[in-house]
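Common to both upcoming complexes is chain A, partnered first by chain B, then by chain C.
So, the complex of A and B:
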């Protein structure tokens, strides 16, 4: 129970700090809006073309926004030099990973929700596909956030971490992004739900592996 | 009685430069050990090694009890108020602050309520760090130049805190102020450059 409480308080604390500071979240939302607008203008105005491109656009935008947000998990600690205080909390350090993961996941879901709303409007996504896309968004975001949080922690004390993070992150999250694009495309095309389930199962497997493995390895990568 | 801290053959190097080499150290309950030595001799490094915040190049450290660190300068989230920083520090340890305990701790160190840390001076941050340690009540108190940036009243508060820490556990403090620390320390450890 204490572990879950700590995870909750850390995520809540970070979300409060992020909303007060605003820089990371605002930058990601502005970036997404600009990207979607440019892609919409470049690929349009044919509705069918836009709808076909929507799954790829949605996940490429989310992947880029995710890499912008990934640094926030530990950027909050690095900016205020408070990482040591978290490391001094008694007990094992896995809770720190899961608290930061929850924070990162909440950020991605906030941005992903806004992104889905914009994409649905600009790229003519069928309304019937939206609940399924929301499920895909949650599953894909868990996989993405689990890896990005791990690497953000590993690189937290390094100079040039903003440049390094996407380089190490993207090769590992490619399977998650691909499975998410395929699941979203199946939903947009109106394929049978059985086909979408296959991608969701794959995403779920990635999520379980990444979350477990990263949580176990995290205490070792944080040692100075 | 078993020691609160025991370091055996502790070593640390940055690249090829040894900062600490083969150090043996014990902290017994009720002790206040003052680390003395010139800048760059490894006082902060030793405190961080003892706290477990840094991987040693050699040797080992055994700790009996919780560690609390007063860093120099102390770190807090600047967009939070003093109360919020203290409240989250306790909650992240899995403890619920007693109603009024945080306000009382802030008042005890002479800090105003409701002010964001962004507007704190260095001395105020030191006072806030003292309030945090008092609320956390660790067994092993590691203080890195705790007297720096404090005014006369702040030093009095610090001395009271060190006496409190001495009765609650043990204290290791790094300082340059020999005259001040002579009155408080039960033992001094003079560090010299490692070769």
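So, the complex of A and C:
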């Protein structure tokens, strides 16, 4: 089995388990829904106000949901004592990180897609901006997932990891979230694509650096 | 059990030399010619730029120590990396403070949400987070690993902060020295004062880091001798 197929199988297995178990995904989506309703009620009902707040709302919600989902990356492995089996696979351990990263990314994109749908409806996002926001969503999610997977792996066996994970995660992902907010805001305001492109470029740079660095560092910080 | 080391000649020497250089730097800063547009207000640059430089370069030094720690797992490297970041945070706060004091007379406001200031604020948040994380994790090995990772990943922001004045339209003036063109945007008559101050800050930085690592080492030794006392 080549490394690439290994990565895909790991991600596929985790995604299947997650979709069958549903607790993590359902909790995240329901949390988001509640959050959007509260924010909509607090900031509305003026259409312009809501549209202006939408980029911030979208990314704050996704950042919170992402920290809820981050624990899922290694949560089941630790509960079922299967992490050691994975570590026994011969060869270097980077593939483990990339498999989990793919899984986290898919989870974030599923939740992010649902979130985008809800935000577009509740906060009057212009339809023409949606393709651009989708690109931003993908770029932002890659950056977010790369860091969250990394720290989830590092803290996997620690008691009280649920409390600690957001704490270590947020300082490092702040730049990604901010760049995503700015890109989304420029799209919603209908600024020329050149303006948005700068932010996409920055996001892409973050993604490449984070994904590479986290993959390189992962074998060193993983316990056992 | 390891022996506690006394403060050595290099630490003491750099501390004294740094303070002397700072004195010379201050003298040069106040005798440099006034700026054509800003008058005497510009003199804050002799505090602002050196502290920014030393603070930002220090973050890369911290990366080197963090990488060394992950590669060797020697607690010494973790202690030095933390000392470096602690001192860097001090210099970066000084940068922020002097920048705000400079912004008020030249831009009319202490703070504005423009690219350089925003990216700089993010940078500070990342490294304040570094210490929050350190205080939250009890297991020393995990603490060292987690903070090393923050130090390495956080340094990604340094070049972005540095280049932000070029990449986005910014109210902040461009870099004093532009590394991409190798050009200096600084009047030669004011240059000696700036260079001496940068030198003074660098020497002081080395001295502070050495003192801080020595303290950290002593704390670690004491913890080892009586684990309950820590």
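Some notes on this structure:
To be clear about the criterion, the second predicted complex is superposed on the first by the 222 of 224 C-alpha atoms of A that agree within 3 Å, B and C clash if a C-alpha of one lies under 4 Å from a C-alpha of the other, contacts with A are read in each partner's own complex, and residues count from 1 in each chain.
One rule holds in what follows: a contact is a pair of C-beta atoms (placed from the backbone, for glycine too) under 8 Å apart; a residue touches a chain by one contact, two chains touch by 3 or more.
All of these numbers come straight from a predicted model, not from anything done at the bench.
When both complexes are overlaid on chain A, the residue A:82 reaches chain B alone and has no touch with chain C.
Looking at the shared chain after the overlay, A:26 reaches neither chain B nor chain C. Contacts of A:10 after superposition: chain B is touched, whereas chain C is not reached.
Of the two partner chains placed around the shared chain by superposition, chain B is the only one that A:90 touches, whereas chain C remains out of contact. By the touch criterion stated above, A:171 is placed in contact with chain C alone, chain B being left untouched. In the superposition on chain A, A:2 makes contact with chain B only, while chain C stays out of contact range. Contacts of A:208 after superposition on the shared chain: neither chain B nor chain C is touched.
Legend: residue contacts after superposition of the two complexes on their common chain; A:191 is shown touching neither chain B nor chain C. Comparing the two complexes, residues 223 of chain A contact chain B in one case and chain C in the other. Listed in rising order, the residues of chain A touching chain B in the complex are 2-3, 5-6, 9-10, 13, 16-17, 20-21, 76, 80-82, 84-90, 223-224.
Of all the residues in chain C, the ones that touch chain A in their complex are 70-71, 118-119, 122, 125-130, 132-133, 136-137, 139, 142, 145-146, 149-150, 152-154, 156-157, 160, 167-168. Put simply, chain B touches chain A in their complex at residues 48, 51-55, 66-69, 71, 75-80, 88-89, 91-94.
If you check the complex, the residues on chain A that touch chain C are 147, 150-151, 154-155, 158, 164, 167-168, 170-172, 174-175, 178, 198, 202, 206, 209-210, 213-214, 217, 220-221, 223.
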